[in-house]
Structures are given as structure tokens and as C-alpha cells.
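Scrolling down, you'll hit the structures one after another.
Here come two complexes built around subunit A, the first alongside subunit B, the second alongside subunit C.
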Partner chain A sequence: MKQRITTIQGFAILVNTIAPSAVLQMPAHIVSVTKQDAWLTVLFSMVVGLVYAYVVGRICLLSNGKPLMEWLESRFGKAVALVIAIMLCGYYFMVATSVVRQFTNYVHEQLLNTTPILAIALVIVLVSVYAVWQGIEAMGRMHFIVLLFGCVLMGLNFLLLWSYYDWSNFLPIFEMPPERHLSAVLIPAGWLSEISAVLFLLPYFKKNIQAARAALWATLLSGSMILVTVVMIIAVFGVKIVNALSYPSFAALGIVEVGKFMERIDVFLLTAWMASMFAKVSIFLFIFFQLLSFIFGIRKKTSPLTALAVSAFISASSIYSWPRNSNFIEYIFTSLSAYLLVNNYALFLLIWGGLRLFKKKSDDVQGGAAT
Partner chain B sequence: MKKQNNGADSQGSEQANRLSSDIEDNIRYAQDTLGTGPDILIRRLHLFQESKAAVLSIAGITDKASVNLLVDSMLSEYREQSGLAREGDPFQALLYRMLAVGGIRSLETLYDLDVAMLEGLSVVLLDGYDRALAVNTGGGERRGVEEPSTQTVVRGPKEGFAESILTNISLLRTKIKSPNLRIEYKIIGQQTRTTVAVAYMKGISEDKVVNEVHRRLDAIETDSILDSGYIEEFIHEKKYSPFPLLQNTERPDAIAAGLLEGQVAIIVDGSPFALLAPVTFFKFFQSSEDYYQSYDIATFLRVIRFVSFFASMLLPSLYIAITTFHQEMLPTPLLISIAAQREGVPFPAIIEAMIMELTFEILREAGVRMPRIIGSAISIVGALVLGQAAVQAGLISAAMVIVVSFTAIASFVIPAVNMGTSARLIRFAMMILAGSFGVFGIMAGLMVLLTHLSGLRSFGVPYLTPISPLVKNNLKDVFVRAPWWAMNKRPALFGKPGTSRQGKQEKKAISSQSGKSGEEEEGQ
Partner chain C sequence: MIVRRTTSIVLFLLLSGTMLTGCWSRVELNELAITSATSIDRDGDDWIVSFQVVIPSTISSGIGITGGGGGSPVIVYSTKGKTIREANMHSVYESPRRLYFAHNRVIVISEETARRGLNPVLEVYLRNPDARETVDVLVTAGKSRKILEQMMQIQRIPGDGIREINTIEAENSSALPEVKMYELAMNLASDSASALLPEIYLSGTKETSSLSAFENTTLPSKLRLGRAAVIKKDKMVGWLSRKDALGVAYMRDAINKSLVTVACPDGSGNNSSISIGSSSTNQRPSLIDGNLKVKLEVKAEGTLVQSDCKSLDLYKTDVIQQIEKAAEKEIASCILSGWQSLQKLKADAVGFAGLAHRTYRKEWRNWQKDWDAEFARIQIEPAVSVTLSNVGLSNQSLNVDKLREGKK
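Right, the complex of A and B next:
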């Protein structure tokens, strides 16, 4: 039986692909560049993200319903498809390892200081590989519940912090010059470009138009989540304190108290974020396995032993690729962001151009409903 | 119509052996295969023109009165010498005219003779004929209809299924008096030859589910089916899952309600537990009583059940995680109190919790197995010696006793015993994760569970329906139980819109009407 996902499940997968790690470190970075106008930067990046999501949606509409790499192979030939697959495989491997490292760092620093980080990374990867093992249908359902849970808790966080908001922290408005916004927009726009993951989910949608819709809505919600986080941390801490905190989004939650009997409930509130991080890793690994299977021509379902080996490799890569956390943070805001922009914007724009240039017979496009 | 289950039959060669026309050969065969014990009854008779006949039955599984009636009807015809004389062929006369007992079928092989006797039928042999008659005289001592022992309710029917499949089906038929209630029978188990009934509502149940149930039942090849639990394990999709993929119940009203919502029931002879398929995760938190009492209290109780399920699965692990890794979450006075209690305890929280949980499991198992008469004594020993004395001895902390006790009580709140059992199993895995990785470990475990649940299907229906995939129509009976007048449609199991089960209730009209009549009364 062919696995299928619905529009809302695809949408949930895509939001979880972007938002969880974006709300962890990006808000602080944006605030450090555009200060109290950071919310404006996020809005600009959302516009860029939506334009990109539209282009990705157009690529979705051109699809013939086959998995991305098979489709590209049928249009550009085996050699070109293989080169694209290797580039994307490298990209998704790097992004997956960096997300695992990001998650591991957070858990190690905030929750489990004495636990070996390799053990934490291994747990993260094994849980995510298990999700991949269950298939896209199970992942779609799981992502939907995780997103629902995340949205409810995010709303709760926002409300619990209400009494701590100081709206004067946003003043003066429009103080930052456009060039500051331009440089700050690049990073969130890069992260929003991860929406291109929808192309790997294409064969699981009933119609291509569902994928295009999911991409647009997911960009909008992910951008909104980043926006809410940015607004929340500026309103609670003000610009100066935000810059001194490693994880300002979660530091804000740490100050929440319920009456006099519940303190530091942020651990519970963070469970939703943890769930979405597991979900995020799972989707990157899903795509990574898909590309690996295409490159090596593997038709069968990945064996448990291979899955374990890949888990160990990804865990080890995420831990040992960056000797210090400072190296990792630098990597996120320099190399990775550049890589995101190049891979997603440049590569997929090239693919789109190629698809329009090398048009095939009209019956290659899936169903009338697709267009 | 009863269908013989497919599959290799070790007694295939015996099936091919036809009955002998010599009555003595057939009797000898029956004695060879079934024995000559006091339960094997052979009544020899001489009928018209001194033709020899015999009635074979097994005491205990046949109804004595029916067997006597059978013999009497044969002899009375002989006395009158009318029927056989007129008919000419004694076998035809027996089959169509003489026997005053319902349910007769003709047998042709020796194997059929054995099977008929073992099913509680009486076999009539007639000398000179290589055929026999099997007469339905089934009966014997079986437990009657009693209150269900596992799914009791305060308000609602008190009758529960018994071991007899006929009793169970009659209970079902008294609840649903519709020709759309279809019941199809099968024989499963080469040695036990257990009768299994598949019940469904024509026009409500999905044909593909009914066919799938039949297909899976037909595929069972086994020696024995002694309870519906055997069937459950044979036919559910996932081989390895701690979660039940079929619902079992002792309550005829629960089966009737399931059938009316499109589920298919499997009733097994010898088991008071009938099965319902397909089932979703949320069905296990619904109790029959939810629909007999007011919807507001039913909703409240349902929420309590979900909370209890999570408490029974996670409470000890949360205690371990918080006391071991995240002490900052506790208010200072509570933290000091717990720390003071744990001061003399020689074990880390995870070991302490494991000891207590395992002790409780042992007590629970002993409680089920031990003779009832000494049950209370053991309970006192368990509660006082292993609880209070262990705390006083400094082996465990009082807080841990509270956590374990509450967890144990919470596990009994879930209406479905098998879902409660799943929570018990998962609890141990969660405790190990919490002891190793704190809240992060619990979250990792929950993610594995969520993914696992998301991948489960029961007869093609996703296990987490109607939450994921989202089926809006079914949400009226998940976390809340909407009033009956608002549940106009049956739940949609396969994503199609649910079919209508009642007329649109004009709630406002009814209330305004009653208000009016009240005013009129006052006016008069």
C-alpha cells in the first residue's frame, strides 16, 4: 500500500522542519543586529520566505508524482540527477548533524550537565531513525500531534509571560537603517528556505497542489513562530539583556511561576520544543536516507543494521565535527547559513529553471488537478 | 451457515472414510475413537421390522431431556408402527417425519460422526445404512448470565457474556432486533474445533472490514482456540506492540454499541470476552456508562481517565527525573521535605522506584492467584509490612510509597484492562529512561511511543484516528462526550463522512415547547 500524507500533515512536517531550531538561536542573533526592530527583520524575511515557497510550490506543480530524484533523472538524465543527489545528500547530512548538535548542546547545557554528550546525541538520532523506520505516514501523524502540542504550549508560554512584558522595549521603532535589516534578513530567510524539503514529500501527497499549499502555509506559520519568539524576548528582557543570554527564548520561560508552588516549569514547557526537535531530526534523516538510497541504488527498506550504523555515524559526526561549542555557533551563523542560501535558493532555483528549460511531454505532469 | 476453517487437516484421511452400513462397525469405531467411559452413551433400539438402531451421545455436553425426547420419539413411532410403514424408507422417515427434536443433519463419514458427537449432537445410526443422522441435543452445564467481572457500571445493564456462544448471541439479538444484524459462523482449531461467530450490521459496517475479518480468521491454522485472546493475537496487524489492536469486552451492550457504529464483533465459544474491530486508541478510554449518564459528568470522567493513563505510565518516571535531575522544579519547602525523607534511603530514586513497582506487581499477581479467603490477610501484610515497615526501616521514602500507590490506583481507572496493562509495561521502560536521562529521556520515550502509535492500524484504520489523521466528525466522542442529540452521525472510520444514525434533534424547539406548555399549565 502506497503511503500517503494529507495537506495538514505535510504542513506540520514542514513547520517542524524549520521552526524548532530557528526559535532556539535565531531570535538572539537577529536582535543583536537589528535591536528593537528585530520583529521588522523577521517580517521582511517572511516575505522573502514566502516568495521562495511560491517558487518551490511551482516546482511541486511541475512534478509527475514520482520521488524527486527519479523525476529529475527522467528530465535531466542519470548523471545530472546523481550530481544533484550527491550535493543534496551532503547538504542534508550536514544540516542533520548540525541540528543534532544544536539539540544535544541545549540538553547538555540546560538539563543534563554530567551526561556524556555522545549518549544524548545517540538517543536523539535513534529516536529519529525509529520515526524514519516507521515510514512517512506515521511520521506525518506524529508531526501533526507534535505541532498541535507545540502550538498549544507556545500560546500558553506567551500568555504566562504576559505580566512580564514591557512594550516600551520596542521603542524607538524604525530606528535601524535598511542595510542592517538586509544583513539580518539573510539568516532567517536562509532557515525559511528549508521549506524545499517539501519536494521530497511530493510523491506522498495525493495531488501536487497540496504540497504547494503546505509549503506556503508552513512558511507563514514558521515565520510567525519566529516573530512571536522575537517579540516575546524583546518584550521580556529588552535588547541589552537578550544579547547576554545564550538561549533567550527559553530563559524567558524560566522566569514563569505558577502561584507559589510551581517554579521553573519551563522544563515542562520545553517538552514541546524537545518533541519538535526530535521530529525535525527525523525529517532530515528521512530525506538523507532517501537520497542515500538513490545514490547507491538501494530499492529495499533500509535494514536495522544499516540504520544503526548511520545513527552512530551521524551522532559521532555531530559531536566530533566541532571541538567546541563556540566553533559550532560560529558555524551556524556563517558556513551553515551560507550553505542554506546556496543550496536551497541557488540549487533549487537552478532546478526550477532547468525544469522549465527542459520541458517534457505534457503527460509527465501529474493529473489535471495539479495545475 | 457454518464454515469449516481452511487449512491442512491431519485427519483428512479419516474424513474420507465413509460410515459402514453395518451398525456395529460404526459403534465400534465411535468407541475406539471416543472411548468407552461412562460419558459415552450408546442406546440400542429395535425399530420397525426389528431393524436395529442406536443413539450415540456424550453425557455432559448434551441436554438429557433432549436426548430422552429423541429416543422417545423414535420408540413412539415404533409403537404406533405407522410412520415407518407408510414411508417405506426408515432413514427418510427418521429424517423427515419421526424425530420431534429440532436441528437434524445427515452424516456420511466416520469423522463427521466423531465431530457431531463432540459438538454435543446425538447421532442416530440405522443398520443397513451407510449414513447417520446428527440431531441437535446440545446442552450441558454452563455458566449462566452474570454481571461482568471486569467492566462493572453503576448505571446500565448488568448482564455480561457467558461461555456459551449461543447465550452470547442471544444476548446480542435481544439488544439489536434488526434483520441487518448478520452473524456468520466458523469453526477454528483443528483439535478444539471452536465455534467462532462474526457479527456485523449490514449497511453500517464497511464491507472491506467484514471481508478482512473473515480473511484473517480463515487464515488461522492452529490446534486450539481456547479463548478470544488466541484469535486476538492471530489477527491483529502488528506483531510486536504493547498496545491492544482489538477491543475486548464482557458487555453485550458494548458490543451492540460497537456494531451500531460500524465495528465488527468476533464471538468465540468458551470465552466470555468478545472482540471488536477495528478499534482506535481513544476507544479504550470510553466506558459503556459514558452513554448512560449525563454528558457533562461523562466528559469529566473521560478526562480523568486520560490523566490517569498518563499518570499510570509516567508518574514514577517523573518523580525519578525530578528528584534526580531537575530538583529546581520543586518549590523549596517540598524539595527540603523530599530530601529529608530520602536522607537515610540507601538507593538512588530509580532503584527505589523499581523495588517498589516490582513489589507492587508481585502483590497484584499474588492477589489474583491466591485463594480469596486469605486475600485480605495478604493485603494487610502487603500494605503494612511492605509499605509502612519499609519506610520505617529506611529502605524507601514515604514519597515513593505515595507515588507508587497513586500510580497503581490510576492504572485501574482505565476502562479497558488491556490498555491498563500496556501502561504498566511501558512504565518500567520510562523509569529506566528517566533514571538515565531525566525529562529528556521521558520525552525520548514518549516520542518513540507517539511514533509507534502513529504507525499502528487496526484493520486498516489508523490507531490515532480521529486526532491524527484528523476526522472532525468523530471529535464529538473523544476527549468530550457530546450530548446524544448532538451526535447525529456515526463515527467515520475510513475518512468518509459518517452516516446518519438519528434525526436532527430540534433541541431548541423541544425546550421552547416544554417551556410553553409549562406556562400554559401555570395559566390554567
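Right, the complex of A and C next:
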């Protein structure tokens, strides 16, 4: 029986595809460029992200209900579909690898200092592969719970920090020139473009319109989560010290003290964030396995041996690709951000153009497509 | 087939479980030296870091400072190194346990260390996850280690006691701020690049580092909070008296509660005390001949807690207004005194640079090039308004002679 996910589950999966790593390091980067106007930068990037999500939604509506690559194969032919699959497979492999590294770095630096990073990476990937192994329905349920948990705790932490906020930290407004915003918008807009992952979830929605809606709402919520994080760290720390902190969003929560009996309540949000990082890695691996199966023509469910091999490969790649953390940070704010922009914006806009240019075949029309 | 599949899953889960134990990063309580306070001194180019380590077996039993046993609840030792972390690491040469800083409540910095620069201290606390940025920072004149060696009355762990003193003072007197490490970093990284830190010192004759001192009701020495150290661009530049520090707190709108003592309006030479329950300061900047002028509108509300005046009818509005005026004058005097001291030290601990940046963006571009010069030209105008909302449970100054005579 074909597995299905609801709109809300799809929405949760998509938010978890973007938000967990975005709230970790991106706010500090944006604040370093546009200072107290960083919240404006996030708003601008949300507009760009929503326009892109709308375009992705339009592609969703054109779908015939088959998996993305099979659908593209039926429209563009096998050769073109294969080239697209190889490009996307490379992209999702690289993104999955960098997400695992980002997650591993944080856990290693903040929690498990003496545990070898390869062990941490391996556990992250194995848990995520196990989630993928359970199928999209189980992932949908898991993503929904993780998102709900995360949103509640994020809201709670935002309120607990209320007495630490200094709203004058946002003054003077509009101090940064437009070109600073333009350069700062590129990175969050690039990360929000990960919404294109919805195209790989298309066959699991009952109707295509559900996928389009999920994409729009997920972009909105992900952008809002980045916005809340940026507002929170500026209100607590101001703009000067944020540049010196690797993880200002968690550092802000680390200062909360409730009376004399409770401190370091960031551990609660950290728990939710770790769960969402597992969720994030799982969705990238899910897409990666889909593309791998298409490229090699594998029709059966991925064998445990293949899953373990892929896990080992991704773990090792995430650890050994960047010998130093400084290399990795440089990579995510330069090469990876550019790759996100090129792959998501350029490639999917080309696919959209192609789909509109190449005429539909009669058997492509799906009941939900026109809805 | 099912058996094979189940076996594989069970094996997989068991193998995964081995990685979830955190056995590399495990922390056993009996391997930790829980640090309750740290101090930092300089010796030439080297750093001397002292640790006040809690002895769990002593504090877990009995009552009183000695815990019912004969041992001290804490032990203090120092290590030396070219950097603070190197000095920390040298603790492994003498301590059977690994230093654990999660419960470190205070860091005491010697005046010499503060005058030579605090950047390395901030660096250590913001870089390493084991050092918490919520630790209270204090400065002491002379060597800081002696503060850690001092035992305290009532509070069994001195580091914890120092933090409590600092918190209670900041909540009730507001003259000296309670400054956490991240707040210090924020203040020094702000446009004004200045901060205040409370001073802690030993008052009395000799150090109370021996438990035998607790056999008496009076200790030969005790820890007390003193002045406020003024830090500018990571270096200490001077001290503010407690009165000046209170004035600065009024300017910064950092008053939680406070007490003002004023001379009686009847000219008797006696005093009255007003407990300030709430206070807010509105900084209103303006430009006078291209220079900044700040009107400080202080609105405070208080309760009369003592009046030693000869004859005052506290139900009369004009009498209350006289006391209010005297309190306003006293607060304005604190503010002006604090301001003059800050201008003398050229340290913008009030945060006027941020105010100038927020309000006069165009002028700020020029001012920030030489803020010290602009800071020296700033004029302030305190406008204090005190409302004596409550006079307590008596409507007159208590004088038994008058009561006996039946006079009011």
C-alpha cells in the first residue's frame, strides 16, 4: 500500500528541513553584516523565500503524482532526467554531509568534548537512516512531534528571556545601507530555498495542492523562526558581542536564571533542537536514497547493507572533508550558500521553465494536479 | 526469515546502544573538584589562578560552618601559567580531581590584573563551554587569592556567600552592580566601552582562614563590598565611591531599591531615611551648540522608614514635600558627584555613547572618532522627582518626652 502524509506532516517535514541548522549559525552571520537591522534582512529573505516557495508550489501543481525523477523522465526523457538526478544527488549528499558536520560540531563542542567526532557523526547518521528505513509515514509523524515540541519550547524560552531584553538594542533603525542587506539576504534566502525538498514528497500527498500549501506555510514558519532567533539574540546581547559567539541563540538561553534554583534551561531547547537535527538529516538522506535508487535503477527497498554503507560514507565524508572547523564555517557561508542558490533557484527554475515549455503527455494528468 | 530479521534488528540496536553511553565524555562525581570561586592575579607576565574547591564530605554532614566535623568546607590552591588555561591545566599536577567550573559562582580579579587588561579573562569565559558566562565578576585591591581563603559567617561555601552578598546588595542598595561575565563583555563591547565592577575586600585585622575563628561570636575579619571599579576598554582606570556609584546607577536607570538619608527640615541636625522602592530614569538628550546635553528625569517613589526629626506632622502635605525636596536634592547631589568622577576618569559607564548613537546618527559619525573629547563636553541636568507615598505606621517622629506631655 502506498504511503501517505498529511499536509501538516509535510509542513513539519519541510520546516525541519530548513530551520534546525538555520537557527544555529545563521543569525550570528546576519547580525555581523546588518547589525541591529538584521531583522529587516530576515524579512527581506522571507519575501524572496516565499516567492520561491510559490514557484515550487506551481511546479507541484504540474505534477502527475509520480516520484519527481520519474515524472521528469516522462517529460524530458531519460538522459536529461539522469543528468538532473546526478546533480541533485550530489547536492543532497553535500548538504546532508554538511548538516551532519554542523550537528556533530555542536554536540562535540558543547556536550561531548572527549567523544570522537566520528562516533557522534555515526550515531547521528544511523539514527537518521533508521528513521528513513521506517518510511515516510513514520517520518511524517516523527517530524510533526519534533516540530510541535520545538515550537512550544522555543516560545517558552522566548518568554523566559523577556526580562533580559533591551529593545533599545534595535536602535537606530535603518542604519544599514541597502547593499549590506542585499549581501546579507543571499545566505538566508539560500537556506530557505531548501523548501524545494517538497518536490520529492509529492507522491506521498493525496493532492498536489497540499504540497504547494505545505511549502508556502513551511517557508513562512521557518523564516519566522529565524526572525525570532535574530530578534532574541539582538535584544539580549546587542549587536557587538554576537559576532564573537559561535552559537549566540543557545548562549542567550544559557544566561536565564529562574530564581536561585534553576539555571541552564537551554538544555530543554537543546533537546528539541537535537531531535530536529536528527529529523533534518533524515529528510536529506530520504531524498538522497530516492535519487540514488533512480540513478542506479534500484526498484527494491534499500538493503540494510547499502544503508550501513551509505551511513559510513556520509559520516566519514562529514568528518574528513574539512580538517578544521574554520574550514567548515568558511565553506557553509561561501561555497555551500552559493551551491544552495545555484542548485535550488537556478536548477528548479530551469525545471519549471522546462515543464512549461515541454508539452504534457496525455497520461501525465493527475486528478489532484488541477485542483 | 522473521527470526533472522529480528536478530539483525536486535543486534543493530545493541550495537547502536554502545555508542549512546557517552563513555568517552562520562563524568563521575567522585572525579570532580567542584569549584565555587576563582580568582586571578598576575605575577610578571604569568597568570596566577586560584581555585576555591568544595570538599563534599565536609559540607554534606552536620550543621554550621564546619559541618559538624573538624575540616574546612573548602580548600584553596593556586596554579601559575603563561595563560589562564595553562594555569588551569597545571592543577593536574597537584589535584587528585579534575576541576569542574559549572558551579563556580564568582570570579575575583585583582586590581593589578584589571588594570593590565581583562580581554584574556573574557576570552576564556566566552570560548570554553565548561566556564559559565553567568559567573559574577568582582575586583579586589591587592592579591585576590586572600578573598578566596576567607571563611564566611552563616554561609558554608564562601564563593556562594560572596555571590549572595553581591545579589542582595544589588537588589536592596543598588549602589554596586551585580555584573555577570557576559554583561561585562557586552558593556565593554558597546559604544561606550565602559563598565563598573563591584569591589570586594577584607575588613578587619587578620584573615579568617582558620576554623578556630568560628569559636568566637566576632570574626577578626570579614568580606565586604566596597567601591566600584571603573573599567574602560578592558582596563581598570579607577575607583568610584559608593555614593558616586549610586549616582551612576540613577543615571543608568539601574536602581532596584535604595535608601536615601536626608537632613531633617527642622534644622535639628538629625536625619530621616527614605526607602526608595522604585525608580526610573528617562535620559532626554538635546544638542546645545553641537554638543550633547542630557536631561536626566528621575522619578522615584519611596517610604519613610525612619525620622529622627524633633517635631514633624507627617500627615501635613507641606512637611512631606519638604522631605521629598531634601531627598531630591540628595539624589541630584549623588548624580552630579558620580558624573564628575566619571568625567574625571573619562569613562562613559552611563552609556551615553549608545544614547548618542541612537539619537543623533549624523553627529555620532564624528563623535565616535574621539568620544572621550565629546564625553568631556557633555552636560547633564538632573531633574529628580521623589514621591513619598508612605510614612509607615506612625504619623510623627517618635519622641517619648512629647508623648508623655501629651503634645503633638
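Quick note on the criterion: the second predicted complex is superposed on the first by the 364 of 371 C-alpha atoms of A that agree within 3 Å, B and C clash if a C-alpha of one lies under 4 Å from a C-alpha of the other, contacts with A are read in each partner's own complex, and residues count from 1 in each chain.
Following the convention adopted for this analysis, a contact is a pair of C-beta atoms (placed from the backbone, for glycine too) under 8 Å apart; a residue touches a chain by one contact, two chains touch by 3 or more.
Note that this is a predicted model, so its numbers are computed, not measured.
Peer 1: Just to be sure I read the superposition right, which of the two partners does A:Thr6 touch: subunit B = first, subunit C = second, or both, or neither?
Peer 2: first
Peer 1: Return first, second, both or neither, reflecting whether A:Leu122 touches subunit B, subunit C, both chains, or no partner chain.
Peer 2: After superposition on chain A, A:Leu122 lies in contact with subunit C alone.
Peer 1: Please indicate which partner A:Phe278 is in contact with in the superposed arrangement: first for subunit B, second for subunit C, both, or neither.
Peer 2: In the superposition, A:Phe278 touches subunit B alone.
Peer 1: For the three-chain arrangement built by superposition, which of subunit B and subunit C touches the greater number of subunit A residues?
Peer 2: Per-residue touch count on subunit A favours B.
Peer 1: Touching A:Glu330, do we find subunit B (first), subunit C (second), both, or neither?
Peer 2: After superposing on A, A:Glu330 lies clear of both subunit B and subunit C.
Peer 1: A:Glu137 contacts which: subunit B (first), subunit C (second), both, neither?
Peer 2: first
Peer 1: Just checking: does A:Leu111 make contact with subunit B only, subunit C only, both, or neither of them? Give me first, second, both or neither.
Peer 2: both
Peer 1: Return first, second, both or neither, reflecting whether A:Val146 touches subunit B, subunit C, both chains, or no partner chain.
Peer 2: first
Peer 1: Output the subunit A positions appearing in both contact lists, the one against subunit B and the one against subunit C.
Peer 2: 111-112, 115, 119, 123, 127, 263-264
Peer 1: Can you list the subunit C residues touching subunit A in their complex?
Peer 2: On the subunit C side, the touching residues are 8, 12, 16, 19-20, 22, 24-25, 126, 129, 132-134, 180, 182, 185-186, 189-190, 354, 357-359, 361.
Peer 1: Tell me, which parts of subunit A touch subunit C in their complex?
Peer 2: Touching subunit C: residues 109-116, 119, 122-123, 126-127, 168, 171-172, 175, 237-238, 240-241, 244-245, 251, 254-255, 257, 263-264, 304 of subunit A.
Peer 1: Using the touch definition from the top, list the residues of subunit A that touch subunit B in their complex.
Peer 2: Residues 6, 8-9, 107, 111-112, 115, 119-120, 123-124, 127, 130-131, 134-135, 137-142, 144-146, 260-265, 267-268, 271, 274-275, 278-279, 282 of subunit A touch subunit B in their complex.
Peer 1: Under the touch definition given earlier, write down the residues of subunit B that touch subunit A in their complex.
Peer 2: Where subunit B meets subunit A, its residues are 325-326, 328-331, 334, 436-441, 443-444, 446-448, 450-452, 454-455, 462, 464, 467-470.
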